[in-house]
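Heads up, the next two complexes both have chain A, just with different partners, chain B and then chain C.
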Partner chain A sequence: MFKARLADPKILKYSIDAVSNMIDEAGVSVTKDGLRLKAMDPAHVALVDLELKKEAFDEFEVEEPLVLGIDLERLNTILKRAGTDQILIQLDSENNVLKIRFKNSSTRTFDLPLIEVSEEELKVPNLDFPSQIEIPPKILSESIKDAEIVSDHVTLMVDEENLFISAKGDLGNVEVKVPKDEAKSFEVSKSCRSMFSLEYLKDMIKASDIADSVKIYLGDNIPVRMDFTTENARLSFLLAPRIESE
Partner chain B sequence: MDFLRLVETCEKVAKNTKKSKKIEILSHFLKTLEESEIPVAVLFITGSIFPEAESKSLDVGWKTIEKVGRDHQKTLLTTPLSILDIGDYFKKISSQRGEGSRKKKENLLQSLISRASPLERKYIFKSIFGEMRIGVSEGTMLEAISKASYLNLDLLRKALMFLGDLGEVARIALVEGKKGLEKINITLFIPIKPMLAEMANSLEEALQEHRKCALEFKYDGARIQIHKKGEKVVIFSRRLTNVTESLPEIVELSKSIKTKEVIAEGEIIAIDKSGRPFPFQYLMKRFKRVHDIERLKKSIPLKLYLFDILFVDGMSLVDETYEKRWKLLEEICPKDLLASRIITKDLKEARAFMGESIKSGHEGLMIKDLDSKYIPGKRGKKWLKVKTSVTLDAVIIAAEWGHGRRKEWLSNYHLAVRDEETGEFMMIGKTFKGLNDKEFQWMTQELLKLKIAESEFIITVKPKIIVEVAFSEIQRSPHYSSGFALRFARITRIREDLSIEDVDTLERVRNLYENQFKYKAKFL
Partner chain C sequence: MHVDELVDSGIPTRVIEVLKDNGITKLYPPQRDAVYEGLLDLKESFVIAVPTASGKTLIAELLMVKSILDRGGKCLYIVPLRALANEKLEEFRKYEKLGIRVAISTGDYDSSDPWLTNYDIIITTSEKADSLLRHRSEWLGMVKVLVADEIHLINDAGRGPTLEVTIAKLRHLNPQLIVLGLSATIKNADEIASWLNAKLIKSEWRPVTLRKGVYFNGEILFDDSSIIEVEPLTNGELFNLALEPVKESGQSLVFVNTRASTERFALDISRISKKFISNSETKALKDIADEALNVLAEPTRICKRLSKCIECGSAFHHAGLAAEQRRIVEEAFKNNLIKVLSATPTLAAGVNLPARRVIIRDYKRYEPSLGQSHIPVLEIHQMCGRAGRPKYDEYGEAILVAKSFDERSFLLDNYILAEPEAIYSKLAMESVLRVHTLATIVTGFANTKQGLIDFFSKTFFSFQQDPWVLEGAIMKSLEFLMRESLLEEKGEYITPTPFGSRTSELYIDPVSAVILRNALFKARDRDTNEISYLQAIAGTPELGKMYLRKKDYDACLEFAYEHENYLLFGIPSEIIDPWNFEEFLSNLKTVMFFKDWIEEVSEEFLLKKYNLGPGDIHNKVELADWLLYSMAEIGKLFKIPKIREVLKLRVRVKHGIKEELLPLITLRGIGRARARRLFARGYRTLGDIRKADVKELSRVEMIGEKLAKSIKSQLEGKEEKVGIERQSRLADF
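Now for the complex of A and B:
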């Protein structure tokens, strides 16, 4: 048995939208503490770790821990239809579907068939990040959108004073400078830089609209970790770098 | 096991030119594999990515590879690639469909390449381009499997013909042994490799080959395999591709076969309003089409001629004689679906029948031994074909840009035959004759998709496009790798219905060369 209710669908909508393009299908584990989705994209470039605590829901009931095999692309298209309606989620284990109900003046019910997912063990590298910067998510998402105008990749760089988000393209360059004072926290043990594909980042920043802050863990030519957090939810990404040529 | 071990084995095999040594290395390697690794490894080493019977492909072009080669995206994983990883990547790449799939394929390939060491990369590219070139043909691999499993080569060969999956045959041989292999038999809805005919030098010679023989029209069409169970019909092409959707009227016709279950073989031809066959190229249009079939059904109607039956109501017929198989076929099929056929050993009668075939717009005759069993995938003398002229099925391995009017086209084609020992393609001549403007255009477009390398005038392509070539004579030649050259070669048709192992062998060229004076005397 599992059922949950969300008066405001936003948090679920945005977080699924941020991951469904990278990860087609995944096992979502449901425990008494909430929902957890941890998966790598098929190309092994990005790792997603989504945690929705039970407190994020208005109602949350589960008898015993279970794993739901979800086609995230399907789920995303369904959630896009939610509008601002309240969402009810219920497992129909007899028919192996997840019932997703949108409630307003009418009640709309979608059946999402559950799928088989192979639970492969994620071999995630252990990383030491020399820099950790926490900024308002809006700054990050705007910079990424700026970079998209000129290139398909972006460089993240920090020194003792600033965070730089820059992109170089055939048609021009862009650089966004975020001074230390604008950051909520700024721990930089040494200046470092890494380059990343915008193809992945542009999906990740979709989480910006629901998060209160984003913490960026950066190093030299190593993956970047980005934690988008609110009080009751955390969406964390690990993204492998591109190696700069020349 | 690490993928690196596999490519190191490939290197070792490539360096040892002696076949027996290759087999020894391979057989030793096979024994060290885990069960689940066997199919992937065996297919990879023999230069195929998916089993033949599965008609799957990666569908990534040269452009994608080039792009991926330039990119520098890393992955999160630091573990070395395993043999199973390779199989997973290939499966995932081929299964991407629909919107955004191109990009996803690219990302997957990118990921694979970025995790590979230089040597692994070299072999991944070789495999994708179908250019393994380590001298391991299907036959060599079968011998290695035989050596590793202590099982009879003929048993392995037969299993392969029924399964169409060398990797799976290896797995069964090494894990389940003889019992497992013996269980493999003809199965409904799994295509089997067709039995093939050898080209006879003359009608006279062909008639003397067998004790009793049947003569059938050799239709200028495409061979198909019909699998039927009740209302369910699946049609496979000669290359074992599922072509059911392109041929709705053949599906309907197949339902008129009386038994509940059947596997039958036949030839389909395209005909005009008066019932005369259209050239082969029109027929190919029907085969490839999945859209607009209703319209094409009207403009290019098809006719079916059945000539063999391999399975009826749960019973395999491959070990029955051709005489018995035909009798059964006659009993259960409407008469107008059967191939034109006579039984004779008389040369005069045979010549008249040959004349009838040519006059009706067909290619010649098939002469079949009535006592013969059906041996899948085998080309032999039990079936012989007689045509009015001798042709070779050659593969294009490179092409040159044309001059003058043909400046925009790749118009001079380098033709090659297959060295049956090593599986490599050996050049045997060039030609720019035989195609019309439209075909030149098509050819240029297709060859560019297969480009592997290029210089100012010549592009080298993945051997894939097969053409039927007519010629006046075969000469010894020091210029070409085959050691032979075709004189006055001319393309007579593009054989989209053939697959790469149907390309004629160097052995056949050698035989033709030795035979040709005999021929010439006959034809001149």
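Now for the complex of A and C:
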């Protein structure tokens, strides 16, 4: 038995939207603490770790821990129809579907068939990040959108004073400078830089709209970790860089 | 009047020497009149209304040279067609030895051309002048003389308003500005003169005597009542008429009303005209015919037809020809190699191609909103004015063709003996005014409603017609511009939004800007491909509608269903919204055309399928290129990430290529045909080409040794950027 209710669907909608472009299907673990989704994209470039604590829900009931195989693409299309309706989620284990209900003046019910997912062990690299910077998510998402105008990849760079987000393209260059003072926290042990594909970043920043802050873990030509957090939820990404070949 | 007498009007002798070096020793009567009336005192504006070829340009030259030498500053010379700018440049070059610098500014509408600061005479079109005003080019403040060539084109619904507003703005900018309006002989030239506060010189004088007449049933009735018979060389009446001067080493220019007619006539007469060419001419014509055949990578049917005609001493000239072909035809006609040239009436407004005899076969033509209608007298007279080559012909003949006795009297009374119509400003149309209202606010010529009304009160329209009409249209335009957030109201002030400013600078219709913006917003959150963006530009007024034939309906609709997922604007209901449905399909026809073009469909096939000429493809591509550029610029403004797709499409449209050719097309000298051949031979990236040597490359079809060498040298030292970085995987760490 699993049942949950969300008065405000925003947090679920946005986090699934951020994830579903990268990851087609995933196993979602449900425990008494909440929901957790951890998966890697098929190209093994990005890792997603989404945690929705049970406090994020208005109601949350589960008898025993279970894993739900979910087609994220389909879930996302369904959630897009939610508007601002209240959402009820209920497992119908007999038919192996997840019933998703939108409740407003009318009640709309969608059946999302559950799928088989292979439970392979995720190889998460063990990394030491020389820099950790926490900034308002809006700054990050705007810079990524600026970068998209000129290029398909972006360079993240930090020195003792600033975080730089820059992109170069045939149409010109973009550089966004975020000074130390603008950051919520700024721990930089050495200057470093890495380059990343915007293809992935542009999906990741969709989480900006619901997060209170984003913490960026950066090193030299190593993956970047970005943690978008709010009181009861955390969406964390690990993204492999573009590196110079040869 | 001898040119030496110009000294008395303050023209330095070194200028007179330049004139003499170029064979000018005497001034024509209208030129003399202008000088006597005080043109060179640099105190007053002038309007010169005289026939074609009676020396208007020299009047402008004297004025400009005098002004530059006496008091510095710049002169702006506005030509009606881009093609004429070069002709003028060549003529004005003779003054370069006096230290006068001449430049052309046409083309790119998104630039203020600051380099022009260094020039004295700047030749431009009214559109480019308007765009320079919008970019606030600083040197415009230094313009002291403005020459408006063919100022009677204010009458033209399409381009007249821009000319009129540009003149008004330049006068506003510099109240001391001297304007020289050069006009055809029109009924109300005095009105133009009073609007400009200018002296009027009006004359019917021509350097070559012009006889006008009507042909009917084997004879020509001239305006002096004399009648002459036309020798029946063949059994075609028009052929006899056209070949008569050819017999006496003259030429004929035949105006007909459609492009197809020009081709048919030239082909028909080519069978006979070839009898009139000499042996030496045969050789020269053969070379020219080959040149005309091969201006495109692959000759089309029209190229073949043209080439065939030229070989026989005839040719046709219309807007569907490639620019290079038009140039070839014009030159061969000027050199008296082509004996008979058939053309659409647009030729009369443009290039200077005089012939001893001008024949006007059609005095009616199809107008989109009116059906068959009579061509205005002014235009017929312009065509007639092409008769008689100064220095070569003693007289010129302009002949209309009647099909009945009654028609002969009709043509005589209503065209030959009639006075040209008065001209009227066409400014008070909303479609025109929204463009100029926006530009006027953006460039700061006005910043309130009253200011706008005051500004437009300086136009010819307000001078000539009821200003209330204009005011209504201005207010309607304002409503539109504010509703669509191009302008905003702040108290009593009206200010442009960044979107409005950019639209004005990009020189596109505000309606187009709105369409492009809306399309971009739709595109932001969904899957798009080239169809999506092509549909957006196809809906703009600039690109115009392609005529939807009955059989196109199904093809367009099928195309719509096939690509429905990518259409930014959905299929309207045929029953509820028939008007939009038709418009939608007609836009899709344009989309289909560009889709075919970027799928590398052959030009020959495109011309046939869409019923176009080679020049039309060029024009459409040029417009689409600009609209896609504008779309990307608007995208930048609104931070819409899709613009890279738009810019990629822009390159594909510009060259007519599939995406896979994008790397190859960056090489100079490589167009769609050559890039495709390289690709077919396995040279798919610049890296592939880098590996090949000159010898291997020159073996590819259409790539000679010279081009192969150039390609190799272009690649030298140019590091290949593609693929330097690669995407790593998490497992690498």
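Criterion: the second predicted complex is superposed on the first by the 243 of 246 C-alpha atoms of A that agree within 3 Å, B and C clash if a C-alpha of one lies under 4 Å from a C-alpha of the other, contacts with A are read in each partner's own complex, and residues count from 1 in each chain.
Just so we're on the same page, contacts are C-beta pairs under 8 Å (C-beta built on N, C-alpha and C of every residue); 3 or more make two chains touch, one makes a residue touch a chain.
Quick caveat, the model's predicted, so the values are computed rather than measured.
**Student:** Give one of first, second, both or neither to describe whether A:27 is in contact with chain B, with chain C, with both, or with none.
**Tutor:** Neither partner.
**Student:** So, A:145: does it touch chain B (first), chain C (second), both, or neither?
**Tutor:** A:145 sits against chain C, while chain B stays out of touch.
**Student:** Taking the superposition as given, does A:137 touch the first partner, chain B, the second, chain C, both, or neither?
**Tutor:** neither
**Student:** Could you say whether A:43 touches chain B, chain C, both of them, or neither, answering first, second, both or neither?
**Tutor:** both
**Student:** Let me test your reading of the model: by the given contact rule, A:202 touches which partner, first (chain B), second (chain C), both or neither?
**Tutor:** A:202: touches chain C, not chain B.
**Student:** State whether chain B or chain C is in contact with more residues of chain A in the superposed arrangement.
**Tutor:** With both complexes superposed on chain A, more residues of chain A are touched by C.
**Student:** Which of the two partners, first being chain B and second being chain C, lies in contact with A:242: first, second, both, or neither?
**Tutor:** The answer is both, since A:242 touches chain B and chain C.
**Student:** Which holds for A:223: it touches chain B only (first), chain C only (second), both, or neither?
**Tutor:** The answer is both, since A:223 touches chain B and chain C.
**Student:** Taking the two structures together, which residues of chain A meet both chain B and chain C?
**Tutor:** 40, 43-47, 123-125, 197, 223, 238, 240-245
**Student:** Provide the residue numbers of chain A that touch chain B in the complex, in ascending order.
**Tutor:** 40-47, 123-125, 197, 199, 223, 238, 240-245
**Student:** List the residues on chain A that touch chain C in their complex, please.
**Tutor:** Contact set of chain A toward chain C: 40, 43-47, 123-125, 127, 145-146, 148-153, 169-171, 195, 197, 202, 222-223, 238, 240-245.
**Student:** Within the complex, which stretch of chain B touches chain A?
**Tutor:** Where chain B meets chain A, its residues are 71-79, 92, 103-104, 107-108, 110-111, 115.
**Student:** Write out the stretch or stretches of chain C touching chain A in their complex.
**Tutor:** 632, 635-636, 639, 641, 643-644, 647, 723-733
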